[in-house]
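As written, the chains take the letters A, B, C, D and E, and residue 1 is the first residue of each chain.
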Amino acid sequence: MKEYELFIGPQHPGVTGNMMYHLWVDGDTVTKAECNVGYLHRGFEKLMESRNWMQNVPLVCRICVPEPDVNEMAYAMAVEQLMDWEIPERAKYIRVVILELARIAAYLMSIGSYAGSLGIYTLPQWALGDRDYFLDIFEQLTGARVYHIYIWPGGVRWDMPEKLPGLIEKTLSYTEKRLKLYDDVLFKNRIFFDRAVGIGKIPKGKAIEWGVTGPNLRACGYGYDIRKLEPYAVYDDMDFEVIKYPELGDFDVLSDGCDAYTRMIVRRLEIEQSISIVRQALEKMPEGEHIIKHPNWLKWKVPPGYAFKRVESSKGEYGYFVVSDGSNKPVRIHVRGPSYTHGVNVAETILKGANMADVSQILFSLDVCPPDIER
Amino acid sequence: MKAIEIIGKGEEMHGRAYIPSGREEAGTIIKKLKENGFAHFVMLSCVDWIDKNEFELVYHMWSYEHKEHAMISVRLPRDNPSMFSMHELFPQIETYEREIHEMYGIDFEGNSRLTPFLLEGWHDTPPMRKDFDSKKFAEDVFDSIPEIKEEEDEGI
Amino acid sequence: MVDFLIKIAVIALYTTIAMLVGILFMGIGRKIVARVHNRVGPPVYQGFIDIAKLLTKKTNISHGWIYDLALLFSLTGIILTILFLPIGGVKLLGTEGDAFLVLYLLAIPALGFALGAGASGNPNAAIGVMRALVMMLSYELPFVITMIALMIYYDTSSIAQIVELQRARWAIMIPPFMLAAAVADMALQGMLMEAPFDIPTAPHEIASGPMAEFGGKHLGSLMLYKAGTIVAYTTLFVDLFLGGGVVMHDGSILSYIVNFAVWFLLILLIFTLSLLINASFPRFRIEQAFKFYWKYEALLAFISLIWVYLMVIS
Amino acid sequence: MLELIFTALLVASFVTLFVKNGRVAAVISLIASLLPVAAIIDWGNEFGLKIFSFGLEKSMDFSIAGITMHFSVTALAWFFGVMIFFLIPPIMLFSYSFFEKNRGFFPFMLFLITAVFGILLASDFLTLFFFWELMAASSFILVYMGRDRKAIISYLSFSVLSAVLILTGIALIYSQNGTLLFSNVAFSADEVTVSAIILMIAGFAVKSALMPLHAWAPFVYSKADEPFVAFLSGGLSKMGYYGMFLMLFALPGAKILQQYFDSTVATYILALIGAISAFIGTLLAFMEDDLRKLLAYSSIAQLGYIAVGFGIGSSLAITGALFQAFNHAFFKSVLFLAAGAVAYRTGKWKISELGGVAYKMPFTFMAALFSIFALAAIPITSGFAAKWLLYEAAVSNKYIFITPIMLIASVGAFLYSFRILYGVFLGENRHDDIKEAPLPMVAGMFLLVMPLIIFLIFPGYMLDMMHSALVNAGIGTVSHTNYVISTGMASYNTIAVVVGMMIAMIPAFLIYVLRKHRNIDFKDNFLAGEPYEIYGHISMHAANNFYKPIEDVLMPYLRKGATSFYMALYNAMGRVSKTVRRIYTGLSQDYAIYVAVFLLIIMGWLIW
Amino acid sequence: MRYEEWNKISRIASRKSLWMLHFCTGCGAVELPPVMTSRYDMERFGMGPMATPRQADVLLITGYLTVKTLKRVVNVYEQMQSPKYVISFGSCPINGGMYWDSYNTVKRLDRYLPVDVYVGGCMPRPEGVMNAFLELMKLIDEGKARGWEKYQKYYEQYKRNQKMAFGFERGKNEGD
């Protein structure tokens, strides 16, 4: 046997969470990669089938740890569709605010971890420290730092406190200031160019066929964003442009796209975009109810039918397929996590032929999050 | 709906096309849709209709061109279910098929990688089937494990 | 006889102090990096605690006698190296060997470490050692060229002699050696395995590389080795370019203390500089580091060498 | 009595030719190979190694068919004799277990020893050439036994090249001087002499595998029997340097060259070639997967240092070069023997297929470890002193190109050393069914390691041994005591290093002893949390393409430069030899015509 | 030096230098980065993440354990060198938490590994995590953090329970 076997994960600093890539390496070139997941499999979909519609709300947010709100949002939207509910305007705006804040927090985490995989430990410290201020906002808004259980079918759980917009604005402007520092340390660093350009390339034209979504797809030059394609909440009122390769703002377009460099730059730019969306939403937010009146949770029955709702998460397209037969429990809820394609098929294919030193960089640049693969 | 036009059958469901299909023709339908702009394969999911004694496989596809979602539904009998693998059309279907094979016990002809995916050393009924009782299993297995009996000992 | 005993005592004292300084530096280094990270960081004596903990672990795992060589070689080699380096102008055994000897003595711990890592059988460790050796090949080229420049200029290869000859003027004040010192400082970055050259122990890539299987007393001795390398390499740099930190030459007790203090400050300065570079750069891939050293660094080093050569022959 | 030694060696070789049992042949050869050793020890009384004496004569004239062969032993020959003949008994001891059956190794090896003995004793060019060809012929037969076409063809063609170059040189010298006795030859700085010197040095350089003429070495070293290769690399390659030393310093070749070119450029080129040899050999070595080829490239590299020393030409440099030659003779023999021992047990040569041998063959590993320390010039063997002298020489002569190249080549030696250590001996434990090499093999290897440790502590003894050779050549020696070598630039005290190391080892030893440890199986390893048992077998030996990253950087340059050139050369040689083979018709008349034509050409050239 | 005194030095040193294993077994791992980084900075107490089990002293079970992960956790725990400690995060390792009826998560961790400190909550806040570390330091100081000794002493019982969870005892051979 000429190759040796390496395990990246489950207990390894170079893997995004609790999953494993089984690599066959010859010299320093990966000749074969196999993704091995299931370390986090809790059987959510099975558990949801035995809980009623409202009991599932605290469960769904636990599917994706770094950005739980997209789960709540997709689940709520799917249930609302089956119930044929129209939710209050204010709730929609609050949802946009929390979704975008969660996106910023998730991007900060992903940028921090990515920088860690490149060996610059200053940025993870800064980015994750700054992310904590967003968790403070969540705490004031929802009462929890990580699992918010805030977006319910029918609206949001509580109204936004009066003083919160001030805090949010303060945090956002602080983040904007910090982003300049991040640029100096990572995004405009010469060694980052050297390391990331041309690494982990998704072949041209394959991205859509392989099911690549989100920032990873936009880094390949396709301006597809579910917030634009299928606007949910009030995204059609928001003024923003989809960021895609090669329009990378004031960052140099060094590579021909689809690589780790472009993916990270797209993420970096989307933080600024999210900041502007949060500001717009806070500005335009109307007064009014935040939730519609619910039926009794224990007896709540949902009309039969199929519903599929997608939202744009920081990792890509997040979809909930909800099937109801008219009883008080769902027949089937199937979650489409973005990492399902990124982490398994795409990663296995693009790791083949990669340099061993780049494996962890590629995984972090794809922003693979194992909980949404295995649920 | 564009998808219904292309295939020539199906119904609209909450703004999405729902196309029922037979086991054999599913492959041609998906191929046809793929060629006609439905380039993004969203997911493959499975529903266990235990009352009707059948599994329903739902292929979700999305077209960036037409901005439209299509669900192709294939119903299979619950005993010895098997389906044709479509991983050659979209590579990620392989993973979905692995999961559904493991969770429902559906066999996919032509998929050579139906190895354990999420579970390890699983020998019971496939867990996502409706006749598998998760609560009972957990009680049987995990609650029956005894506690560690400690001796009365100063040292520990 | 009394002289001999005094000499032995001085050598033992200085070596012990050097090792303690090295351990202290590990704590100081973590503190400095923590400040860059906006953190408080551990106490400066953290290195002592870590090493004490590792050496008092209950279980110590070994992969056989070759694996234990890592412990024996790494600690022995680094102490031996320090014996041959003038510290604060005190020559210890500095007159008994020269710069080449020091270069090769530094290879003893590295090779011992490599043997231990190889004996653990872990592929991560083997790859880590491969990277460490390639790094060695990379940074040695510019470093030896600068060293040869010094040797040609001072017409001696003994470090003690070079320190002695810098009494009037530190080497770094001579124009070609400014360039050489800049090159040697980047080489030092590689020797100390700080970013962008912390490739051999990259945790995200190879799970801390050669150390993957080390724990307990073995890891403790490696930490001691690491502490020793910090002192050895920075001292080597200070001896070569900064006159060994010698500012007083009268041979009084006071001069020993002052020289020691200056030496301490200088190696702290060099070490801090390397930490600040470490905190602001990602790491290279190994072949990029190799290219960096052999292309740019070696070229600059060679320019300084030729400059010195022209100065000497004219 | 000298004839007796020659006769005894020849008789022994004929006897072993008819002995079928390898063990018996080995014993006979071992005894026979002690004869030259005894002679060396006896002569040692005059040249600095006083042990015992039985009054062996120092010179002899031997006439046959009107040609007189002049033999006499010089200090230089004696020093090379020490280097070479002390190698042979341990190799024979090793061969005792290595060859079950006598397949011709022993008779030709003894023949080879005879030839080497003759070369060293020869005191005229004709005798030298005669024995040189004897050496080439017998070693060719030993190479032929490896039954590898590439090896045979390249060795043959390079031997012929060497012979042609040397013979031409001798002819030129004869045409100038009319005599072939070393003592009577008087050189003058004219074109003919200079070209003779250069031709002869090139001829000798073939044998010592110097860079442009090294192409045969990897093929031959990787295919012939191990004990022979150990001697080929350890001993025979030194014969080339013996010849070079003879031409350059014993006969005043270096001075003539300097006079002729009016500068040191010729010798500088030799030094540069040596340094480049060392550098390229090192680079090629750490990219090689075949253990024997790796050692072959390593030989090319290590032998390059000797050429550097000769090229620099100062007393410091030549001392270093001779010291390096001595060290190389021993450590490289051990390494080849260790490779042989490993192959004897496992049957494998590829580094990527070996692994974990040290756990089963600890003594072989120990011997290899020490020789690798010597190879990498780690100051716990004598390997360092030699290189140190060379560096000192290069720096004190202000050789700003050669010194960095030499130093970096030496750092490169760490890389391939580790490749051998890890790839062959450490890493994944892949060989559960092997055991330690037989006792004679281990004993042979350890005998060869001994000098490396002795001369670590007392390098002065080594310098004493070469003292008269250097003085006779008018070079002068390096000031030294038994354990301190001083140059103008610095001094090196081996006792300080050894004692310092012992003291420095105390803390490490205390930690090692005071804290108990537990040995575990290598399967209980860090696999990112995965238990080994789930997978049954996990391949963990990262030895294939080990230095891939650096290979990726350097290979484009090397491919353009060295490798493709030599491959082209090899292909050309293949074509030439095919043509040559067409000439060998098998009819004796044809051969007679060839010989006549050849002689006519030679004579015509000489007369003209 | 007597064993007890040596022990005391060991305790003092290991209290102030707890190296934790970088192993995110569940969702609790998301609250570790804040603890590690500039906001809470656990390096103040000499704690830091380590890449491999041999180097580490503390194993953090950050949340629920699936059967598949438990196998790895046990392997990792056995590779660590004693004295070693286990801290469990969240409610899932205490009683199963949200996943009390899941077929794939083991519920009570102390039946498989000796746990020194539990942190409740879902998720535990960083302050709670910090408090757990301080608590562990206190326990070490008092000589009460002896989970590893307990594991050695009742090794058979732990092994039996682990095998039962992995499915060996259910009459089926795992891994085929």
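Note that in this section a contact is a pair of C-beta atoms (placed from the backbone, for glycine too) under 8 Å apart; a residue touches a chain by one contact, two chains touch by 3 or more.
All values reported here derive from a predicted model rather than from experimental measurement.
Among the remaining chains, those touching subunit B and also subunit D are A, E. Think of each touching pair as a link: the shortest run of links from subunit C to subunit D has 1 of them. Between the chains C-D lie more C-beta contact pairs than between any other two chains.
Of all the chains shown, the one with its CA centroid nearest the global CA centroid is C.
Mean C-alpha positions place subunit D and subunit E at a centre distance of 58 Å. For the pair subunit A and subunit C, the distance between mean C-alpha positions equals 44 Å. Chain geometry summary: the mean Cα position of subunit C and that of subunit E are 37 Å apart. Chain contacts: subunit C has residues 37-39, 57, 59-61, 123-124, 127, 203, 207, 212-213, 216, 285-286 touching two or more partner chains. Touching two or more other chains at once are residues 4-5, 10-13, 25, 28, 38, 41, 43, 46-47, 50, 125-126, 129 of subunit A. Residue positions of subunit E with contacts to 2 or more other chains are 22-23, 37-38, 51-54, 68, 71-72, 76, 101-105, 175. Chains that are in contact with each other form these pairs: A-B, A-C, A-D, A-E, B-E, C-D, C-E, D-E. The touching residues of subunit B, when paired with subunit E in their complex, are 119-121, 123-124, 127, 132, 134-135, 137-138, 141-150, 155-156. Of all the residues in subunit B, the ones that touch subunit A in their complex are 13-14, 16, 18, 39-43, 45-49, 58, 60, 64, 67, 69, 71, 90-92, 94-96, 116-120, 127-128, 130, 132, 134-135. On subunit A, the positions that touch subunit D within their shared complex are 1-5, 7-12, 15, 20, 25-29.
The touching residues of subunit D, counted against subunit A in their complex, run 352, 527-530, 538-542, 544-549, 551. Taken in their complex, subunit C has these residues touching subunit A: 33, 36-39, 123-124, 127, 195-196, 198-199, 202-207, 279-286, 288.
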